[in-house]
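Same chain, two partners: subunit A is paired with subunit B first, then with subunit C.
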Partner chain A sequence: MSEHEYTPKSKFGKWFNDRLPLLTLANHLTDYPTPKNLNYWWTFGGILTFCLITQIVTGLVLAMHYIAHADMAFASVEHIMRDVNYGWLIRYIHANGASMFFLAVYIHIFRSLFYGSYKSPREIIWIIGIIIYLLMMAAAFLGYVLPWGQMSFWGATVITNLFSAIPLVGEGIVTWLWGGYSVDNPTLTRFFTLHYLIPFLILGLVVLHIWALHVPGNNNPVGIDIKKPSKDTVPFHPYIVIKDGFALLMFMIVFAFFVFYTPNILGHADNYIEANPLVTPAHIVPEWYLLPFYAILRSVPDKLLGVIAMLSAILILAALPWLDTSKIRSAVFRPMYKQFYWILVADVLILGYVGAMPAEGLYLLIARIATAYYFIHFLVILPILGFRERTIPVPLSITESVLGGSPNLAVAKKKDNFQSQ
Partner chain B sequence: MSEKKTNRRDFLFTATYAVGAVGVGATVWPMIDQMNPDASVKALASTEVDVSSVIPGNTITVLWRGKPVFIRRRTEDEIAEAKSVSLKDLKHPEKDEDRAKNPEWLVMLGVCTHLGCVPLDQKGDYNGWFCPCHGSHYDISGRIRKGPAPTNMEIPEYKFVDANTIKIG
Partner chain C sequence: MKNFFRIAFLAVLLFGFQFNSNAAEKVEYLKTDWSFKGPFGKFDRAALQRGYQVYQEVCSSCHSMKYLSYRNLVQEGGPEFSVDQAKAIAASFEVKDGPNADGEMFMRPGRLSDKFVMPYDNEKAAQAANGGAYPPDMTVLAKARGGGVDYIYSLLQGYEDPPVGVTLDDGVYYNKYMYGNKIKMSNQLSDGLVEYSDGTNATVEQMAKDVSTFLMWTAEPHLETRHKMGFKAIVYLIILTILVYFSMKKIWSRIETEV
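Right, the complex of A and B next:
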């Protein structure tokens, strides 16, 4: 946080700010000292804020036309697509917006993994982020049920049945979630309510996420602590605002491509068939962004253990700041970690691929190996690597890493000491 | 006040917390219980089915409590096959006699016990049902033989009202 006291220039501004310091907050946000070496992987925080607002605004509009009733939901979505002015556009933005949201969040998470942004003192930012990610998955799942197509219905059936794996109380919980003996109208109305609620919970958590970020300040590609403000920082406005804005424009081109040219490519044709409780579609798969976890679920041949494995795969991320024992944040200075990082990326992509394929034969074998590796990465490799790895000496400042060497002898000497350690 | 002695004030605090907790519980419970099946859902709990048109070797599917129920009229071969299976080969050992009181008729919930999909008829490695979602194979008695499902497909409460009518529920 900037240390200097801020005083508004105008008399009214001062009067208002003394009563509610909104101008102080605005000043903090504009002057907020940001590492000057942030690359484009750091622009996804802003992009995600855009995604959240897009989903809330388009969702609000859709809710004005949608009818949450088992007999009418499917028809009301078609009504939005055919009759409502620009309804097709708003729905396609909302449906593809969910995918864009997850695309951005995965890049954001993997950026954090590469540059060690989850490490001390940023553990709370990271954990809030994981909670946001969990809520995003819940919102996406609930929203997918609302059109009441075949995939909606059977997706809802499969996911709610995950709770039946809980010993003793599982069946009771599932009946309670359904409000009946199967997924039906009571299920739909409560899913709609919760789908409407969750984005606002996410919004609140985003505020906490950014608040927690502004205490230590941004991590950076070099992954070292920097003085703020100093020669290593630039003010958030205009430098980062312009850079985030440019990246957002690029992102919106991709977004618009999906909305206008292939609006259904990320969905499933089965969801244009109205829900039928008597027929399960031949091949049930979740949306692409849940496939890696789906693969983990299916790779375990036991119901309860499969559910536990899937949940652990997500929750293990919350423990990451303590599982990764290395003091060096950025993978740039961790030659071994860098390789394991890319293996993990490949592993998750493979899980996503086999999650979309039938769970049999070679696919099942690959899914099992990839699942095992996923857990080994976090539970075995990361804790050991922190002690075993020979890291590359870290520069003392961002400027040094850019300009190479340091003209300051005292600093150069300190650097030698650092290297010899 | 240096000694830790239970006094009037401690008692009042504890009593206040206890009454408060009961009050919160009594307020929260209706909020939770309202999500359980309501009276109108419970009222639709039984269904009567006319099975006179089902010929041996065929299955009909009826809806009961929003879920499919398979009613299969089994052939002599199928009954013999179901009875010949050794209980040792079963993940969830149940005799065919216990699942189909009248061996000609198998009445069971058409819901995979893994995650609730509807298995497909006359498919899979055991000549019974196959769940397309996660690959569970059931035999001609609806017993789980292979795949992630933990138990056999459930047999609902049912009875023959007369020779041609089954009442489920």
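Right, the complex of A and C next:
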């Protein structure tokens, strides 16, 4: 945050700003001092904002034509695809937009994991982020139910049935969620309502996420605290705006490729079959972005424990700022953590893979090992690593790290407190 | 850059898994050169018209096409029958309308605005007439099966005598592309089954290809617009990206850091 007091130039601007300091806010946002060494992994925050707005705008248009009724939902989606002007475009953007949103959020989260962005003083930003991620999963799941295809129906049945694992009240809760004794019209109408609500909750949380970010300022690839503003920072506008814009355009090219040339590849063919409570699909599979958690759920033989494991896998992330005991943020200066980081990435990908496979034989065994490793990474490896790891000396400033080989780095190397934490 | 390749590799793995997960349960489908594949793909107008003929003469006695209207036969990017041709097609069907002023339902010839007439009154009637199996609606069938049009194209040509040891109930047939190999639809196509008005030789392969093309269109009626618009959108984005890239370089040149 820039500390200088901002005053609008025009008389009206001053009058208005004294009553509602919108211009001060705008000035803060444009002047916001940002570390100048942010790499492209940092552009996904802006990309995610774009994704959210795209989903809200296309979703509004879809909601004008969609009919939330068990007998008409499937047909109304076909109506959108055929008869609504550019309805096919709006729907394909919305459907693929969900996948692109998750692709971006996973990069954003793993960026944070690599550079230790969740560590003090950014714990609140991180926890708000986890809540946003949870809401995103809820929104995506609810949205997938709306076309009322076979996967919609059976996915909804499987996921809502998870609540029946809760002792004593489980069955009652499931009936309450369904609004009946099976997934049916009341389920669809309430899912539609909630699917409409959640994006606005996310929007509110995104404002908090950014607000909380603007208090300490951005982390950066070197992971050190910097003075703001200083020669280590650049104003958000135009430097970061143009860079985010460039990255966003690259992202949009990939997005457009999916929308225009392979719009259905990320979906399941069964969802073009209208929901039929009497016919169960051969394999019930969630969307790709939920597969790792689905694998964790199925790797535990007991239903209740499986649900607990799945929820813990997400909630454990909220405790990450305290589980990671290392004072050094960036993996660049943590050679051991860097190795474990990539093992974790591979572990999550493996979980995603086995999540798409039938839960039997070798797949189940792999799922169990990968699930165990996932928890070991957070509960055992990270806490111990902070005490054991010999870290690489951290530079004193970004400018130094960018120019490289400056005398300061040599001085830093001599300082014992940088040798090991 | 090293990181970039690492991520690209992981992305390929991830999507590879996706394809793999579908591949695990399917046999190798018959391949043919679809005119609508690829970024510039378009439907073959003549094939769509022939495909409609096959659908009408062979499939439509059991399979409904409930999201399609006769007016769609005229629309750009489809079979593009002339308005008169489509009107004649519509008029050849009897549509139930009403109630009239006397409160009676009545039959009248179809119009362009009518939906395709259903072969059965309801699902139960369809099942009763087909040994308990419901012939699926064909409108989005090409998107509702794992292999898409390739699957339909193969299935129509996949009838075989069952291998030794496989016994079939009455009214069940063996098809090597069907999931589980057992299908309640008998082999429908035989050489010369329909007489194409454009003189094309109606081989089984030709008919399978034409009707699959037609089903791809019924599932994705705006495919041609999508391909055309996609090309423009992506070219536009690439040019804009390049311009923004150089603007970015210019702006960042004020700072000694590299972008």
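Quick note on the criterion: the second predicted complex is superposed on the first by the 404 of 421 C-alpha atoms of A that agree within 3 Å, B and C clash if a C-alpha of one lies under 4 Å from a C-alpha of the other, contacts with A are read in each partner's own complex, and residues count from 1 in each chain.
The definition used in the following text is that a residue touches a chain if its C-beta (ideal position, glycine included) is under 8 Å from a C-beta of that chain, and two chains touch if they have at least 3 such contacts.
Quick caveat, the model's predicted, so the values are computed rather than measured.
Aligning the shared subunit A places subunit B and subunit C next to each other free of steric conflict.
In the superposed pair of complexes, A:Arg82 makes contact with subunit C only, with no contact to subunit B. Judged by the touch definition given at the top, the superposed model places A:Tyr272 against subunit C, while subunit B stays out of reach. In the superposition on chain A, A:Ala282 contacts both subunit B and subunit C. When the two structures are aligned on the shared chain, A:Leu379 is found in touch with neither subunit B nor subunit C.
With both structures placed on the common chain, the touch criterion links A:Glu360 to subunit B but leaves subunit C unconnected. When the two structures are aligned on the shared chain, A:Asp302 is found in touch with subunit B, with no touch to subunit C. Vectors from the Cα centre of subunit A to those of subunit B and subunit C enclose 70° in the overlay, to the nearest 10. For the overlaid pair of complexes, the smallest distance between C-alpha atoms of subunit B and those of subunit C rounds to 12 Å.
Comparing the two complexes, residues 282 of subunit A contact subunit B in one case and subunit C in the other.
Those residues of subunit A lying in contact with subunit C across their complex are 36-37, 75, 78-79, 81-82, 88-89, 92, 234, 238-239, 242-243, 245-246, 249-250, 252-253, 256-257, 259-261, 263-266, 269-270, 272-273, 282, 285, 288, 345, 349, 352-353, 356-357, 402. Subunit A contributes residues 154, 157-158, 160-162, 164, 175-184, 186, 190, 277-284, 298, 300-304, 306, 358-360 to its touches with subunit B in the complex. Those residues of subunit B that touch subunit A in the complex are listed here as 32, 35-38, 41, 61, 63, 65-68, 114-120, 131-135, 147-150. On the subunit C side of its complex with subunit A, the touching residues are 10, 13-14, 17-18, 20-21, 24-25, 39, 67, 72, 136, 139-140, 143-146, 148, 179, 219, 221-222, 226-227, 229-231, 233-234, 237-238, 240-241, 244-245, 247-248, 251-252, 255-259.
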